[in-house]
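Here come two complexes built around chain A, the first alongside chain B, the second alongside chain C.
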Partner chain A sequence: MKQTFISIGNTLIPYLVAITASFLAAGLFIGMMGFDVLKAYETILLSSFRSPGAFAQTLVKFVPLLLQALAFTIPLAAGKFNIGGEGQLIVGAIGAAGVGIVFANLPIYLLLPLVIIAGVVFGALWAAFPAWLLYRFGINEILTTVLLNFVSFSLIDYIATEIWRDPAAGHPTTVPIGAGGELPLLMERTNLHAGFIIAVLIAVLVYIYTNHTSAGYELIATGANARASRAYGINVRSLFLLSLILGGGVAGLSGAIEVAGVHHRLIEGLQSNFLLLGLIIGLIAKGNHFGVPFVAFFIAVLEIGASSMQRTMSIPGEMVFIVEALILLFILLSDLVRKK
Partner chain B sequence: MDQFDSFIGFARLILLALVPYVLASQGTMLSGRTGVFNVAQEGIMLLGASVGFLVALYTKSLLIGIVAAAVAGGIIGLALAYFSSTLKMDQFVIGLALFFIGLGASSLAFKLVVGVTLQLPRVPTLSNLRIPLLGDIPILGEILFNQNALVYFSVLISIALYYYLYQTSWGLELRAVGENPKSADSLGVNVVLMQYATTIIGSALIGVAGAYLPMVYTGVFTQGITQGRGWLAIALTFFGGWRPQLILLGAFFFAIVEVLSLRAQIVGSAIPYQFLRTLPYITTIFVMIYAFRWTRVPAFLGLNYDREKRSLS
Partner chain C sequence: MTPSESTLLEMRGVRKTFGPVIALDNVTLNVKRGEIHGLLGGNGAGKTTLMNVLFGLYKADAGEIAVDGRVAQVRSPREAIGLGIGMVHQQFLQVNSFSAAENIVLGTPLRNRPTLDLTTPKQKIRALSEKFGLSLDPDATLESQPMGVRQRVEILKALYRDAKLLILDEPTTMLTPQQVDSLFNSLRAMVKSGLSVIFITHKLREVLTLCERITVLRNGKSVITLAREEATEDTFIKAMVGEEMNIGRSLLFAKSSYETEIAQVGSKELLKVDGLSVEAASQENQVISDWSFTLREGEILGVAGVAGNGQHELAESLMGIRPCKGKVVFDGAEMTTLVTRDLLARGIAYVPENRWDDGLLPKATVAQNLILGSHRRPPYSNGLMLNLGAILKRSQELIDEFKIKTESPQSLAANLSGGNVQRMMLARAFSQNPKLMIVHNPTQGLDIPSTEFVYNKLLERKRAGMGTLLISENLDELFLMCNRVAAIYRGRIVGVLERGQFDAYRVGRMMSGLE
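Let's turn to the complex of A and B:
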């Protein structure tokens, strides 16, 4: 018992140090710019907890962040980098919106599952192309997944301006999906939707898969030492393929949830900066699937704080993005200290 | 529009589009040849674009802006060198972290300095510099010798890098660091110094590549101004086999695709412009299928050398 406490403490201390150091660095900068530092800290950290609505908003933000982080960390377990979660989200959202618009009249028990499944399948297919290039030709997946993000930007623009355009909207936006495709709300008078439950469920499943099944063990063994795993008889290349497609599916799911839970239509720009935050979350959690949801929640709190700070204090929200990147940097540095 | 229609105008545009690819890719190549694999290009270019633009706006000098962009890139390069060469951290992860910081800082600096305005401030775009005599040659003079200074610079730096890497003993030492740092070290080459120098200079070049975008194309800074050119530059570096002369040649392919895609969007065609816009990314993915087959990558690329360790890697 005492041992577990010590090990939890040993894990948490570097995080607390990293967070403190990043906030101090940002505070110094905010102070130099002539803003009220303490009020900025308070706004960043506490805005999420000031009202039930703000807390619900934090959980709504938490959903895509968690799923984008998992889309990155599942392939990461096998040693592969999926930087294409943004494109997979967009294409997943296109699939979900497409089904939701074409079959708009279906009842909820048919349409909602179809919308969600379409998102997963489209996201997985978008990841399958770079995964196949890696499998067949040995093309490094990092660049191919990144470049496909830029292709997806054009795709969503085309769909939202040419195919299912909503003529009333100024910004490229499609017509709404059928009411049966909308995720039900979990709390009255907030926008917290059932996608939250799906996301948490997926996080639990991923944790069980990677940490408590033999298939997941093969994945992690491959990530730790691909050559040894191959010698041991694991089909390493197939695992690379599988892990990237699974990651794409999860990213596609995040797109479907943004459509079905938040916007109820396809909107250009709905991917926000979820990919970058997902990468930061996955790296801060060091790919540990027990830690990912907690880090994702923390980052969601910071993001809600960032927009509140930008609104009330006119400090650009990018300040908080830099704080998040600094936390990552300090976490990476703390590993070094412990190794020595 | 008529720029596209004449052969001269078309050739001039290709040279114009060449510059950011060449500079960013040579910068990537330079540090890669000492084993430091930089993946922060997109962030460094954005930072260079933002800092270069803002400094040029306030000093009213594009030259000072370009120097500032180089310094900003160099600082990220210094950080990358410190984390990888001195602290031996995972180069890819550190590169991603620096990409995030560059991206955030570029946007933060712009918002803090300019604020939120409806009227975006502009800088004048870089003017053409006609080379005496050579500029008077018919057709060729107009295409090659009546361009902005960074066009000449990007070609000259490519030639200089080729000469330095392959015709001088320093260049041989530099390449040795990327192939086998242990033997380079035992021959008395200062591995760490080489890695710092190439990473700082390389990142400075990438920063200038970023500053080129607002200073030549748009006159304004916008958040997504790089449009993935930093990532494309990495692909170009592989395409050019990590050799400066082939990177310069390969950059022509990237520039031609970019100009063609732009031309088709403006002229209009049966294909929706959204799909034409994806041309650079899709052709790059297909180019990589071939590039990765024949490219010889520096043997120590992406790895950290620790002289206290007995075995490499």
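Let's turn to the complex of A and C:
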């Protein structure tokens, strides 16, 4: 067991160095802009823990970040890049909202599962198209998944302005879904919804799948060397297909949770910048499914801290985005340094 | 002192480390004018590292190099060439679509660059190739040329640049016995005209026939330098392998005591291949056309051939990786339509030739590598969930048994050296305890004790009545282990020799399509 302990230490040290270095760099900028650096640090890191409301807010933010990261890292385990989590989220949200609006009168024990499942299925289908193009014609999945994001922007625009438009709203928005489709709240006087439990459950399942099952082993082996995996009896092309569809399903789930847990309707722009943050989380965690939830929580803390800093100190929240990018950069650098 | 007696090259106290690994430690090498100097040692002894230091590819941590009695700094291959050192690497660096002459002049200053008129260079190349018996057509493009000719191009590259000292790194690996003889004659002609040659090899027989003086390297140290006539074969073997191996009981060196055991074969047919054909995937690869052979229980069947004549396609089609036509019956059941996963489950294991591309999962752990192919079967898995405890325990056992150098089963496989990747692949195949094993160049990159270990494992399988298809470019290995050897050329089986009829020159003729 001693060995395990040392290897955990070896993994964590570069992270601590990277985080410290990025904060120092960001502090330099904040200082040069004439703000109080220490107070800014304090706001970024501690805002999430100042009140139950703020903590709940952090967890609400954590849910889509975690799921978007998983939508990226599941195919990544097989060596495929799903950059379409945003489009899959939107189409999943459309599916969820559609079911929630059309069957608005169903009771919660029927409607809620239907809304969630619709999100998963729509997201998976949206990813199945590029996955099939890859399987059948060998078309690069990075290109097709990214391009389908743009298609989804037009799709949500059409649905929110033409099909189920809410005439009272000034922004492209649909009418609300039925009350039975809303995720119940977990804490009173906060907006923490049950989607948090679903997301954590998914993260645990993905971890078990990739690290403790034979099928998940095949995924990892394929990502490590597809040619050798094929020589040892693994059907790598099917795994490419499967991993992208699973990723799409998880991304679609994050869309359904945004609809059922946060907005209770479809709103244009509900994808926020979750895709980009998901990619950053997945890359910082280096695709390790044990690490993804912890990194996602840390990034959620930074995001909540950023908006608080912008509100109370008028320092641009984008500063935190720089911190996040620098952390990733330093982590990648530390790999290079270790290789030399 | 006559010129032929004077020293051309001296390397003194050379030390080179890679991180914690000491590749060379206080190595001394002394090469005279006009001699063929053998540099002998097992894989990983440091032969290639030492020559890379001499050729300016590596920077030594300590030690000095003197050429013609003057201490020289060799910081790059360019400087080495300037000092009159030429090197023929194991892997040729050639432009396939260029002619031999174009490859040879590439990188040398040409007087008429705009017109690329090669008349004068070609004259020089012809003169050199006649003088040393390195016959080739300077105008033929290289892609159509056999390995022997491409090697001559590499040698002429060095001679064209006026090399006084030619280094050849394992030059005989890709050659038939006939081509080896012709190479040796050229080398002898070179030293007669005053050049010096350093001949790197792990094959004792070759240095004993060719070299005047021999330096033996072991574990990065120069053990001895002896003149050919000063010592017996045994002296060199002991110097190469050290004291850890009992040579008197060795399969490699005391072959005759194992002869009866190796000659024994079961009666039942284990594998029957009928009319196997493989279409060419690209023009470079040879097609396999209409192969039929059988392999009995307890038999080791050898496949001999120069690399690229269909060996890779044979292994891949039998493993279900590559589509093929024909009928394959294994253990009484037809296998032709089965996929790789089923073949593995029925008891066929595979050690691929190209270990980096076909055998290794670099981004996975050593343990994850060891279970590849068996990851759905006990003890590693109940079909659904992996049993991590059993995987780690079994991996540790295999690491110990096959002497894989790694910190733990959970270390990253990318950190394994070439020889250790080979040990890992062998451990993976042997641990499946397969009825049939298809091994392609199984001892490449292994030192002598490890090679011996692999041969003993193959012998154990033989005793248990299991079959092995041994595809190898090493004729010594095939003649030592096999009951029959099939020689192949351009995708055809030229002939099958029984044990007792084995003759390197005969097989060499078959491998070059002369018989």
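One rule holds for everything that comes next: the second predicted complex is superposed on the first by the 338 of 340 C-alpha atoms of A that agree within 3 Å, B and C clash if a C-alpha of one lies under 4 Å from a C-alpha of the other, contacts with A are read in each partner's own complex, and residues count from 1 in each chain.
Operating definition for what follows: a contact is a pair of C-beta atoms (placed from the backbone, for glycine too) under 8 Å apart; a residue touches a chain by one contact, two chains touch by 3 or more.
Keep in mind that this is a model prediction, so the values were computed, not measured.
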Q: Following the overlay on chain A, give me a clash-or-fit verdict for chain B and chain C.
A: fit
Q) In the superposed arrangement, which partner chain does A:283 touch: chain B (first), chain C (second), both, or neither? A) first
Q: Please indicate which partner A:266 is in contact with in the superposed arrangement: first for chain B, second for chain C, both, or neither.
A: neither
**Q.** Touched partner set for A:93, first chain B, second chain C, both or neither
**A.** neither
Q: Return first, second, both or neither, reflecting whether A:300 touches chain B, chain C, both chains, or no partner chain.
A: neither
Q.
Contact-wise, after the overlay, does A:154 reach chain B, chain C, both or neither (first, second, both, neither)?
A. first
Q. Looking at the overlay, what does A:318 touch: chain B (first), chain C (second), both, or neither?
A. first
Q: With the two complexes superposed on chain A, say which partner A:144 touches: chain B (first), chain C (second), both, or neither.
A: first
Q | Touched chain A residues, chain B compared with chain C | A | B
Q | chain B, chain C and vertex chain A (Cα centres) - angle in steps of 10° | A | 70
Q: Return first, second, both or neither, reflecting whether A:218 touches chain B, chain C, both chains, or no partner chain.
A: second
Q: Enter the shortest inter-chain Cα distance between chain B and chain C once the structures share a common frame, rounded to whole Å.
A: 5
Q. Residue overlap on chain A between the chain B contact set and the chain C contact set?
A. none
Q) Where on chain A is chain C touching in the complex? A) 3-4, 7, 212-215, 217-218, 220-221, 223-225, 227-235
Q | Interface residues, chain B side, partner chain A - complex | A | 39, 83, 87, 89-90, 92-94, 96-97, 100-101, 103-105, 107-108, 111-112, 227-228, 231-232, 234-235, 272, 274-275, 277-278, 281-282, 284-285, 288-289, 292-293
Q) In their complex, what parts of chain A are in touch with chain B? A) 33, 81, 133, 137-140, 142-144, 146-151, 154-155, 157-158, 161-162, 276, 279-280, 283, 316, 318-319, 321-322, 324-326, 328-329, 332-333, 336
Q. Which residues, counting only chain C, touch chain A once they are in their complex?
A. 316, 319-321, 339-344, 350, 352, 357-364, 368, 371-373, 375-376, 380-381, 383-386, 388, 407-408, 410
